[in-house]
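Data first, discussion second: the structure below is written as structure tokens.
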Amino acid sequence: MISLWETLCLAMHTLNHLAEAIKAELIGDPDAVVRRAQPFDTAIEGDITFATAPAYLARLNESRATAIIVAGAVARVDTNLLVAKDPKLAFARAINLLHAASYQPAGVSEDLIVGEGSSLGEDLSIHPRVTIGRGSVLGDRVTLHAGVVIGNNCRIGDDTIIYPNVTIYDDTRIGSRVIIHAGTVIGADGFSFVPDEEGHQTKLLQMGRVRVEDDCEIGANCAIDRAGFGETILRRGVKLDNLIQVGHNTVLGEDTVVAAMSGFSGGTRVGRGCVIAGQAGTAQHIEIGDGAIIAAKAAVMKNVRAGAMVGGMIPARDYNAWRRSQVLYFRLPEIVERLKRLEKLVEQKERA
Amino acid sequence: MISLWETLCLAMHTLNHLAEAIKAELIGDPDAVVRRAQPFDTAIEGDITFATAPAYLARLNESRATAIIVAGAVARVDTNLLVAKDPKLAFARAINLLHAASYQPAGVSEDLIVGEGSSLGEDLSIHPRVTIGRGSVLGDRVTLHAGVVIGNNCRIGDDTIIYPNVTIYDDTRIGSRVIIHAGTVIGADGFSFVPDEEGHQTKLLQMGRVRVEDDCEIGANCAIDRAGFGETILRRGVKLDNLIQVGHNTVLGEDTVVAAMSGFSGGTRVGRGCVIAGQAGTAQHIEIGDGAIIAAKAAVMKNVRAGAMVGGMIPARDYNAWRRSQVLYFRLPEIVERLKRLEKLVEQKERA
Amino acid sequence: MISLWETLCLAMHTLNHLAEAIKAELIGDPDAVVRRAQPFDTAIEGDITFATAPAYLARLNESRATAIIVAGAVARVDTNLLVAKDPKLAFARAINLLHAASYQPAGVSEDLIVGEGSSLGEDLSIHPRVTIGRGSVLGDRVTLHAGVVIGNNCRIGDDTIIYPNVTIYDDTRIGSRVIIHAGTVIGADGFSFVPDEEGHQTKLLQMGRVRVEDDCEIGANCAIDRAGFGETILRRGVKLDNLIQVGHNTVLGEDTVVAAMSGFSGGTRVGRGCVIAGQAGTAQHIEIGDGAIIAAKAAVMKNVRAGAMVGGMIPARDYNAWRRSQVLYFRLPEIVERLKRLEKLVEQKERA
């Protein structure tokens, strides 16, 4: 049951209003009221949920939810239905509408350490133990959590949220409405060394910076390196999962999403609206076209054209079966030779 | 030689007592005394060591150690022997007995920042520069190192140790005797976006939390995401190495161990007592049964049944050999076609 | 155009002097002056740049740079040329000469927390919010950024720079001129557990430490574990990219470079001057000889001899092509069987 406290805290919406807000068509009672979004199995009266998997669609009548978001016409049910083209999108919107807390400025902690020439916007939420260097500019309604360190000459846009223990190196540009999760490092030196005459590695000074445009979200413990010259760029709306590496001078296009543990070598250029699955990696200076999809663990060694879907890994199977296959994998050149020889022989017979 | 200072600091045990404590059978002098555990090659008088590899077993007589843990009967040697079913386990116990420092509360630093309504247990070790939010509850004998940030409404159990610069987001549940290494992030948002009509990514608000049960250990710079709804769970005794990703709503079973750089996509369910080797990854909603073993770098794309051992990667070989094989790898469909054609031809000949 | 301010800030060198400093041969005006190093496309008057790719070499005359570093004789051009054996190395040196700021001690923040018995060198740059334990020793001209936590009994050599939110555990040895990027963790426990009689994991106490020798550079959010006994070692001049795992007791040889997201299991021994590409991994106790090259994503399961180049992954290709190949990959044992049978049949025919 929803507690009284929850009831008071939560927004309340009629289905009529909700349908409009999430761009769905209502089949049912326009005046019914919902207060929470919940997964199918835990939704009760007062909740909205969604069903797309056949297993859930078969159980619509069992649901105690006040309303269910579905993709299209379904067999007659008693429940209120909200028909949306993309039920998951509609549900995401319903969650936001019902649960997203409106921003309340927490103020600026007295404990803030801030360098000369930095300027701070209005209505901030600066938690204790934040450090800001010299000449940096923060917009309005910025949230900085404990342990955030911002270097010199940085720009942080309005409504951006930076979680604890994030490090932003000097000269970084962060847009508005950006979310950066804990432990992430933005602007460390790109990895660029040349061996000298004695084999010692000589560092190429990294003089560029990082630009993270508006509406990006960056997961926990990522590392986004500054450019050698110029900029490493995350364009508007890029979303990164956790533990992602973005090498120097890489550019990720608008609305591209990248799953956890993927890495981009220096100078990679990824188009807009791409989907990069987990643990993928790119060679240096690779170009990936708009809307391309890179499968999990892929090693992208050549350019990928727009809209292409590429992959390249061995899915896990029975250990012994895999061992047998991989031993033979290295004998493939020999296997092909034997096959060719046989083909020739059989052909000669044919002719004879 | 063991210094006087070390001698004074270290626990001292007779072999008699030690044998009992580590569940081994003593062959030798029950009153001999050991003070340190050491690897085979550096062990001297006063030390206990262990030998399982044949190379070491062949050199038992060379050892200057006071006692050696072995797996079973060995040729007559002068050294004291401790025979244990699992010598490595017995050695682990000996190290703990001889070297584990007993807990000494360091007290609570005056520098602690703690929010309203939080409560702290007894005999704590809270180092400077720790930040705790509102409504959080710490048990007894908790150690928090510098730079630890704990959010609102968290629970931290007794005897738990959290190393520097760890971030614990709001609402996280951490059990007793848990160890969390530096830089790890627990409770950041799960990675969950749906593209809208214009291709912009809409965030699914992550309203769940993370639960880490008793006796877990989590390595450095890991990222364990909160659930969308409900809980991401590490069950009792889970051990994670460094740089591991645990996606939203994943559940890792009791006593499961995960090597470095492995990642679990959202909704993965791993059974108890599983072993996940390094750099492995799972697709979303995969189920891995109890006691399964996942080899290094495996891409787990299908459910794995209990007790199974699965793998799927190409071990490194000579670069040119590998290049030849991988070119042919993509010609495998053609190779199989040619083979089939040949088989048919030969068969026809046979019949003719 | 270079601004007046930039002009005043920058070092200024005649080509004569520069040629000597970067070990190049000058073809052109010895008294011409350069102030900046820039990439080919953005270089203007007063800049030095370099050209090695044919695309750039074909456009030498288009460049507005005052001087261009090239590898050898080129067609007659108007521009001043600096001929160097390794133009990239010469350019790296030019960047350093023109742009590297000389060290200016920023002093020791009053906010420093330092334990008993620790000693600090001269001319330090200790930013606020740094924490140092007991009995640690810092050399001269060390830079510690905000949020750095250094444990007890550590040694940090002269001229070392540690970026924000880095954690150094007790007993760590860091050499001189080392650079450690933000979020990295050095000295956390090695991952070493043995299951006991009930399947619970027993921890092997990690009693060793980490030694990072002179001139190493370590990227952001790496994890370098202490040894079980003895030392985990990065030898002089090792360069690590971001998000790298170095397991307990691993030794990386002098001048070895490791690209992002690679991981070394416990006890790996890597020689000097090796190149490890991104997302590679090694099995436990692997030895990699001097000068070996490990390709991206390689799974090193066997020792690699000095100078060898090894690889082992499936480069990304068209998704459907890859799917077809990987299905057949697991049928390789059967394919080889069919091939063998055919060979035998054809041979019999031949003889008949």
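A few comments on the model shown:
Think of it as A, B and C in the order they're written, each chain with its own count starting at 1.
Rule of thumb we're sticking to: contacts are C-beta pairs under 8 Å (C-beta built on N, C-alpha and C of every residue); 3 or more make two chains touch, one makes a residue touch a chain.
Remember, predicted model here, so these are calculated numbers, not experimental data.
When the CA atoms of subunit B are superposed on subunit C, the rotation angle comes to 120 degrees, reported as a multiple of 5.
Interface note: subunit A and subunit C, two copies of one sequence, contact each other through mostly non-matching residue numbers (shared numbers fall below half of all numbers used).
Averaging Cα coordinates per chain places subunit A and subunit C 26 Å apart. For subunit B, the set of residues touching two or more other chains reads 129, 147, 165, 183, 221, 243, 261, 279, 297, 313-315, 317, 322, 329, 332, 335, 339, 342, 346, 349. Against subunit B, in their complex, subunit A makes its touches with residues 38-39, 42, 86, 88-89, 91-93, 95-96, 99-100, 111, 127-129, 145-147, 163-165, 179, 181-183, 215, 217, 219-221, 237, 239, 241-243, 255, 257, 259-261, 272-273, 278-279, 296-297, 313-320, 322-323, 326, 329-330, 332-333, 335-336, 339, 342-343, 346, 349-350. Within the complex formed with subunit A, the residues of subunit B that make contact are 113, 129, 131, 147, 149, 165, 167, 169, 183-185, 188-189, 191, 193-196, 199-205, 207, 221-223, 225, 228-230, 243, 245, 247, 261, 263, 265, 279-281, 283, 293-295, 297-302, 304, 308-315, 317, 321-322, 324-325, 328-329, 331-332, 335, 338-339, 342, 345-346, 349.
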